[in-house]
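Chain IDs A, B, C, D and E follow the sequence of writing; residue 1 opens each chain.
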Amino acid sequence: MSDKNIVLNVNGIEVIYNHVILVLKGVSLQVPEQGIVALLGGNGAGKTTTLRAISNLLKGERGEVTKGSIEFRGERIENLSPADLVNRGVVQVMEGRHCFAHLTIEENLMTGSYTRTDKGEIAANLEKVYNYFPRLKTRRTSQAAYTSGGEQQMCAIGRALMSNPNMVLLDEPSMGLAPQIVEEVFNIVKDLNEKEKVTFLIAEQNTNMALKYADYGYIMESGRVVMDGAAEYLRTNEDVKEFYLGVGGGERKSFKDVKSYKRRKRWLA
Amino acid sequence: MFYRENGQFKTSYNADQQIFPIAQDRWGVLLLVALAFIAVPFVADEYMYRAILIPFLILSLAALGVNILVGYCGQISLGSGAFMAVGAYAAYNFFVRVEGLPLIVSLLMGGVFATLVGIFFGIPSLRVKGLYLAVATLAAQFFCDWAFLRIKWFTNDSASGTASVSDLSVFGLPVQTPLQKYLFCLSFLVVFGLLAKNLVRSAIGREWMAIRDMDVAASVIGIRPMYAKLSAFAVSSFIVGVAGALWAFVHLGSWEPAAFSVDRSFQLLFMVILGGMGSIMGSFFGAAFIVILPIAINLVLPLLGSMVGIEVSTAALTHAEQIIFGALIVWFLIVEPHGLAKLWSVAKQKLRLWPFPH
Amino acid sequence: MGFFLETLIGGLMAGMLYSLVALGFVLIYKASGVFNFAQGAMVLFAALAMARFAEWVPLYAGITSPLAANLIAFVLAAGVMFLVAWVVEYLVLRHLVNQEGTTLLMATLGITYFLDGLGQTIFGSDIYKIDVGMPKDPLMAFQSVFEGGLLISQEDLVAAVIAAALVAALSVFFQKTSTGRALRAVADDHQAAQSIGIPLNRIWVIVWCVAGVVALVAGMIWGSKLGVQFSLSTVALRALPVVILGGLTSVPGAIIGGLIIGVGEKLSEVFLGPYVGGGIEIWFAYVLALGFLLIRPQGLFGEKIIDRV
Amino acid sequence: QAKEQFFPVLPYRTGAYAPNGVPWANGYADYLKLINARDGGINGVKITFEECDTAYATDRGVECYERLKGKAQGGIFQPLSTGITFALTEKAPTDKNPLITGGYGRSESSDGQVFKWNFPLQGTYWSGADIIMQHITKKEGGNIKGKKIALVYHDSPYGKEPIPLLQERAKMQGFDLQLLPVTAPGVEQKATWLQVRQARPDYVLLWGWGVMNSAALKEAVATGYPREKMYGVWWSAAEPDVKDVGEAAKGYTGLVATGEGGKVIADIKTHVHGKKQGTGPAEEVGTTLYNRGLVSAALAVEAVRQAQSRYGKGKVMTGEQIRWGLENLTLDQKALDKLGLGTVMQPLSTSCLDHEGSRSARLHTWDGKKWNYVSDWIEADTSIIKPLVKQYADKYAAEKKLTRRTPADCQS
Amino acid sequence: MSKVIGDVILDVQNISLRFGGVKALTDISFNVKEHEIRSIIGPNGAGKSSMLNCINGVYTPQEGSITFRGQTFDHMNSRQVAEMGIARTFQNLALFKGMSVIDNIMTGRNLKIKSNILMQALRVGPAAREEEAHREKVEHIIDFLEIQAFRKTPVGQLPYGLQKRVDLGRALAMEPQVLLLDEPMAGMNLEEKQDMCRFILDVNDEFGTTIVLIEHDMGVVMDISDRVVVLDYGKKIGDGEPEEVRNNEDVIRAYLGTSH
C-alpha cells in the first residue's frame, strides 16, 4: 500500500455525537491514489460516521471530531466546509439516498453540477449518467419523491458523479438496487477508477461485491477498525469468510438452513 | 458519581414504566413539588407571587397544553391564545350567569368549551399540515379576538367589552391573597401535569407522536389520524382553556380580549419550542425562560449599569432587554436545538458519566 | 357599481402592498426552508435605517438635493441590510444547519427580538418620515362613467407598480438561474445540498441580502405611507395569509395571493362588515386563506406537500 | 433618613405606541424633577420616582405595577393605558394604591361611590365625546338631526368607551351614528375609509392611538375625505399624530385638555432643562402630550400635598392618605396660578361622588405646522353623562357584589 | 420439516395503478396462501412497493380488487387493513423518528389497547395493567431482535440497519396474520441477513404468519420463499416456485441477468 500516494489519510479520529455519545474510538485508515477501498462492518459499526467525518457532514448531525486528524492530499480538511471539499473533488453519496424530494430527477442531477461551470461538460456528464442508468432517463421529469427506492438510489449516485469528482465516498451504494444494477454500479466504479482515475472509499454491506472490486478493505466493529488488509487477503481470511461472505467451512449455506441465530464472534470486546 | 442508575434494577416492566425510572429523578421531582408547596410560601414576597410565580404557573399550564398539540402531536397551532380566551370567557359566563356555581366547576367548564372550539378549529388539520396549519389556526385566533370584542353577550354586556370577576373561593376557602392564588394555581398545575404525563406515556400519547413523526405510517399500523389529531386538539385546548380561565380569574381579575391576543399564541408556541417539543418538563422550562428571563434581565441590567456607573434609561433598558433576550434564545438553540429539556437531559447524561469524559 | 369597483381596486392595491412583505417570507422559505419570523422586524429595521439616513445625510454630509439624499440613504440602508444578512448567517444559521423547521423558526424569533431592540437603540423609537416623493393626492378616473368618478390612490398605484416589478425580477432570478435550483435543493435537504458542494453559507447570505432589500423596499413604501415606527413590523401579520394562500414557495404566488387577500378582505369589510359590527377584515383574510387551503393544502402555487412511504 | 415620597411611573417608551407614550412620560418626569428642583419637594418631602416600561402591554403593565408597588408603602399609579387600567382596577383596592386615569380608563369610574380608588381626572371618554358633539352641534347651528356621524375607533376597550354616550346622544339629537372599528394597531385602514367615502358622513370622529391616527389622516387624504370634518379625541390630536402627515392634515381638529404652557413651562425650561436635567429633547417641552404628562404629574403631586394638609405636612404619605387627597382635591384658578399651572389646566375639584373633578376641554386645529386653539373651554353636559355613569357604575357594583359607599365612608 | 400451506388468504385480482402517465402496475393478479412465504421480485421501479401499498390501502388502484379471507375490496382502507391483521414494513424507513425504540414498537400494539383516554390519563388499575402486559410482549420482540441496548434511544439516532429491525419489530407487535416486508434486509451484511431469514422463518413457522417479501438478494429469495412473483415495468412476467422462476427466460432477461 505504501507504493502509491496516499490521498486520504484518516488518523486516529474520535467522534462524539451530541457531546456525549462516543461513536468512533480512534479510527485510522488510508486511501491510496486511484485506489478502491472498502469499509466493512455490521450495523452500527461506525462506517457512516467515518464517512461523514471525512466529508465534514457531521456538524448537521450534531457530531464532532474530537481527536485525530484527517488529511486529503496532505492538507488538513477537518475545518473545511463540505462545499470546499467538493471543490477539491471529494464528494459523498449519502446513505439513505437523500434526493431533493421536490426536484425532478433531472433537476436533482443538475444540482450535482453546481460546482461546474462549463455548459458542455455538464451536458456531457448528464449524458454519461443517463447512459449508466437508463432507468433515470425514463423518469427524468418525475419529482424524486415519487420514484421508487432504487431509482432514488441511482439518482443519488448519479448526482454525485455530476460534479466530476476525483474521490468519491460511497455509503452503501448497493442498497435497494436490483442485482444487475448492483453489478452495474460496481462496474461504473471500476470504469471510473480505471479510465478517469477516480479514487473510491466505499462503505458496503454487500461484502462479496465490495471485496470483489476493492483493492483494500477495512473491517470495523463498534467504532474501531478491527482488521484490514488487501482484498484478496480478506477474501481468504476464515473469519471474514464465515461472517461476511457466508462461505465459511466450504459450501455456501442456504439461508433456509441457518438453524440458529448466530452469536457473532467479536474481534474486540 | 452520585447520579447513577447503577444498582437500581428493574424487576418489573411496571417499575421501568414509572414516570421517572431513575430514583434520583423521582426524589428530585418530589422534593421540588414539596418545595413549591411548603418552602416557597416562606420565602416569596408579594411581587414574586403576583408578577412572577403566578404568571409562570398559569403559562406553564397553558404551555403544557400547547405542547400536547404541537410537541406531541405535531400540529403547529397559533390559536392557543384564542383557546385561552374561550376558556376565560366561557368560565366567566358560567361564573356570573349561573348562581352559586363553584369556582372550580366554572373553570373546568371553561376548559370544556375550549375543547369544543378546539375540536372545531382542529378539523382543518385533517387536511392542512405544518406551517400552513399554523397560519390556518390564526384564523381561530383572529376570529375569537373579534368575537369577544364584538359580541357583547360574552362580556355580560359590558360597554367596553371587558369582563371582571372577584371574590373567588373554593370549598369555602378564599382565593384572594397572592399566596392562596399561588397554591391554587400550583395545585392545578401539578394535577394537570401528572395527568398529561400519564397521557403522553400511554397509548394515546404514542398515537399522537406517531402522527407527528409520520402520519402515513401511523395510519398503516391502524392509527386513525382523525381521532389522534382531534383528541390532541381536544386535550390540548381543554388544558389551555383552563389555563386561560385561571389567567383571567386569578391573575388578571379583569381582562379584555387583548389579554389573549395573537402575541399570547406566539408566546406559548415559543415556550414549547424553546422548552422542548414533546416534553412535559420542557413546557415548564420554556415558560420559565420566556416569562422570567425578560423580567430578570430588566431587573439585573440597572444594577449592572449602576455598578459601572451608567444610568440606563427606561427605553434603553427595554431595548437592551430585547437584544439580550433575543441573543439568548439564539444561543440556547445553538447549544441545543431540541430545547432546554434536551439540554437538561444531556446534562444529566454527562453527570451519569462523570467523572469520566465519555 | 362605481363604489364596488373602487373597493375592488383598493383591495388590489392593498394586496400588492401585502405581497411586498409576503415576498420576503417566500424568498427565505424557498431558499432555506426557514420560516422567517423576523421578516416584519427586518422591514422595520430597514425602514428605520432608511428614514434616519435620509435625515442624517443632509445634516452631516451637507447634501441638499432630496433625490440624492434619498438615494444615498437607500444605498446605505441596503448596506445595513447586507450586514444584517451576513451577521445572521455567521452567528446563527451556520450553527443550525440541518435542524428542524421549528428550531429555525425559533431562531428567527430570537433575531426578531434582537433586531427590534437594536433598531430602536440605534435609530430611535419615534415616528420618522420617509419622503421619497410619492404622490399623495387621489386620482379621479372615469368621472364620465360613474357618478362621482373612480377614486384611485396614486401612492398605492406607484407602490403596486414597484411591487410588481420586484416580483417579476425575482421570479426570473429564481426560475431561470442555476442558483434558483440550488436554492430549492437547499430548502429540501441541507445536508444533501452540502454533500454535493452547494455552499450553504454563501447561498444564505445571498438570500438574506435579497430578502433584506425586499424588506427595505417594503419598508420604504409602507413607511412613506404610515410613517416609520414600531407598528410597521405588524404588517407582517397581515402578509401571512397572503403567503399561505399563494404558497410558501411561490414568488408569483405571493402576488396572486396578495391580490386575492386584498380584494377579499376589503370587499368583506365594506359589504359584510356593517352587518356584523365591522372589524372583520383581518380574520376574514385568514378564513379566506383557510378556505383555499382546504381545497389546496399547499396554497395556490405552493409545491405539493410530499408524503410518501 | 431623608423623607422621600416615591412616585411609581408606568410609561411606555418602547413598542408600537412609543411615539405617543414618550412625550407624555417626559412631561411626567420633568414635572416631578421640577418640584424637587424648584420647590425642594412637596413641603420638603423630596420626590423620588422610578419608571417601568410597559410597552402598552397589559401583562407587562401588571408586572411593573407589582414591581413598583413594593418599593414604597403606596403610590399613585397612572398607566396611560385603558387595558392596564382595567387590570389594575381590580388590584388597587386590595393594595390600597390610588389610580389616576386622567383622560382615559373606565368612564363610569368617575363615580367615586363605587370606584373608590379610581380617579379619571379631567374628563372621561364620555366627557370627551360629549364635548366634541357639543362643538359640532354648535357649528351646525344647534341642530344635527339627520346628520351622519361616523366613529372611527381603535378596536379595543379604549376605542369602544365613547360608544354608549354617542348612542345616547344619537337618540336625543336624532343623528345617525356609524361605527367603524379599526383593528389594532391600525396600519391598514383602506376598507374603513372606503366605507367613509361611500357613506359620506358629515363628520368623522377619530378615536385612535399611535400609528392609527396618522394612518387615518393619510387614508382620509387618499380617499379625499375633508380633514376639516374630522374630529379627534385628545389622544388623537397631538404632534406625533400629524407630524409626518404635515400639510395634508391641515384642518383636522381635535380635543385638547391642556392649555398653553405659561409659567410652568418656563420653570421647566429654567430649572430642569436649563440644568441639563431634562428627560427628553428640549424642543418637545410644551407640546400637547408633554403637557398632558406634566399635568398628570401635577395632579399626583397636588394629591400628595392635599393629603399632607390633613395627615401632616412634610410627612411621607401612604396610598390611603393620598387617596383621600385625591378625593378632596380643590384646585381653583388661584391655586393653579400659584403653582404656575394656571394656563395649562382648568380648575378642578373632586369629591366622593365625583372623581372626575373637571370635565372640560378645548379644540385645536392643525394648520399644517402647528396646533391652534379654535374654541374656548367647553364643559361636558353632566345631565347626559351623570345618569349614564350611575347606570354603568351600578352594574359594575352588582357584578362585583359591591355596595355603594355610604356618606360616612365618604368622610373617612 | 414440511409445512402445511393452506388456502388462499389474499387474492389480488387485475390490479392496475397509474400515476398520471406512469403505469406503476398493469393488470396484476396473484394470490398468497395461508402460511406461505411469497416473494415479489423485479427490477427497480417495477412496481413492487406500489403493490404492497395497494394491498394495505396507501394507494388506491384504478382497477381491480383485492380479496382477503373471502372478503373482496376494490380498495382497502389503512385502518381496516390493520384491523384485519395485515402489517408491513417500509422500504424507506417510516419509523417515528422522535420516539424511542420501545415506543415505536408499542405503537404496533395500539389497536389492541382497550382502555379509553380518561383511564389512560388517570392510569388506574386496568389501564396500567394493560400497558404492562403489552410492554411485556414488546420486550420479547426487542429481545428477539437483539436491540435491548437501544430500547430508550430515539430511533432517529440509530444506524440504518438497526432502524430496519425496529421497523420489523413494530410490524410484529401487531401480531399480524399477513406480514408484508419491503426489502427488510437492505443494508445488512450477510450475517445479519442470515439472522433475519432465520427470524422470518421462525415467525412463519411458529405463528403461522403468512409472509409477503420484497427482496433484491436472490440468495435469500430463492432459499426461503415458497413461491415468487416477478414484476417488470408494472407487468407480471413470472410466477411460481423459485426453481421455476429462476429458469424463466423472461425473468432472466429482465431481472436476474446471467450471473444467477
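In this text, contacts are C-beta pairs under 8 Å (C-beta built on N, C-alpha and C of every residue); 3 or more make two chains touch, one makes a residue touch a chain.
Every value quoted in this text rests on a predicted model; they were computed, and no experiment measured them.
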Any chance you could name the chains that touch chain A and chain B both? C, E
Furthest chain, CA centroid comparison against chain C: E
State, to the nearest whole Å, the distance from the C-alpha centre of chain B to the C-alpha centre of chain E. 41
When centres are defined as mean Cα positions, the distance from chain B to chain C in whole Å is 32
If you average the CA atoms of chain A and of chain E, how many Å lie between those two points? 28
Indicate the whole-number Å distance between the mean C-alpha point of chain C and the mean C-alpha point of chain D. 37
Shared-contact residues (touching 2 or more other chains) in chain C: 99, 120, 125, 277, 279, 282, 308-309
Contacts with two or more other chains, residues of chain E listed in rising order: 58, 90, 92, 94
Using the touch rule from the top of the page, what residues of chain D touch 2 or more other chains? 13-14, 18, 22, 155, 181
Under the touch definition given earlier, write down the residues of chain C that touch chain A in their complex. 97-99, 178, 181-182, 184-185, 187-202, 303-304, 306, 308
In the complex, chain B residues that touch chain E: 12-14, 16-17, 195-196, 198-199, 202-207, 209-210, 212-214, 216-224, 231, 235, 278
Okay, in this complex, where on chain E does chain B touch? 56-58, 78-79, 81-83, 87-88, 90, 94-99, 103, 106-111, 113, 115, 117, 120-123, 127-128, 131-132, 135-136, 139, 170-171, 174
Help me check something: in the complex, which residues belonging to chain A touch chain E? 17, 21, 40-45, 48, 95-97, 135, 139, 142, 146-151, 153-154, 172, 175-183, 205-208, 243-246, 252-256, 258-262, 264
In the complex, chain B touches chain D at residues 45-47, 50-52, 55, 96, 149-150, 156, 158-162, 164, 166-167, 176, 251-256, 258-259, 263, 295, 299, 313-315, 317-319
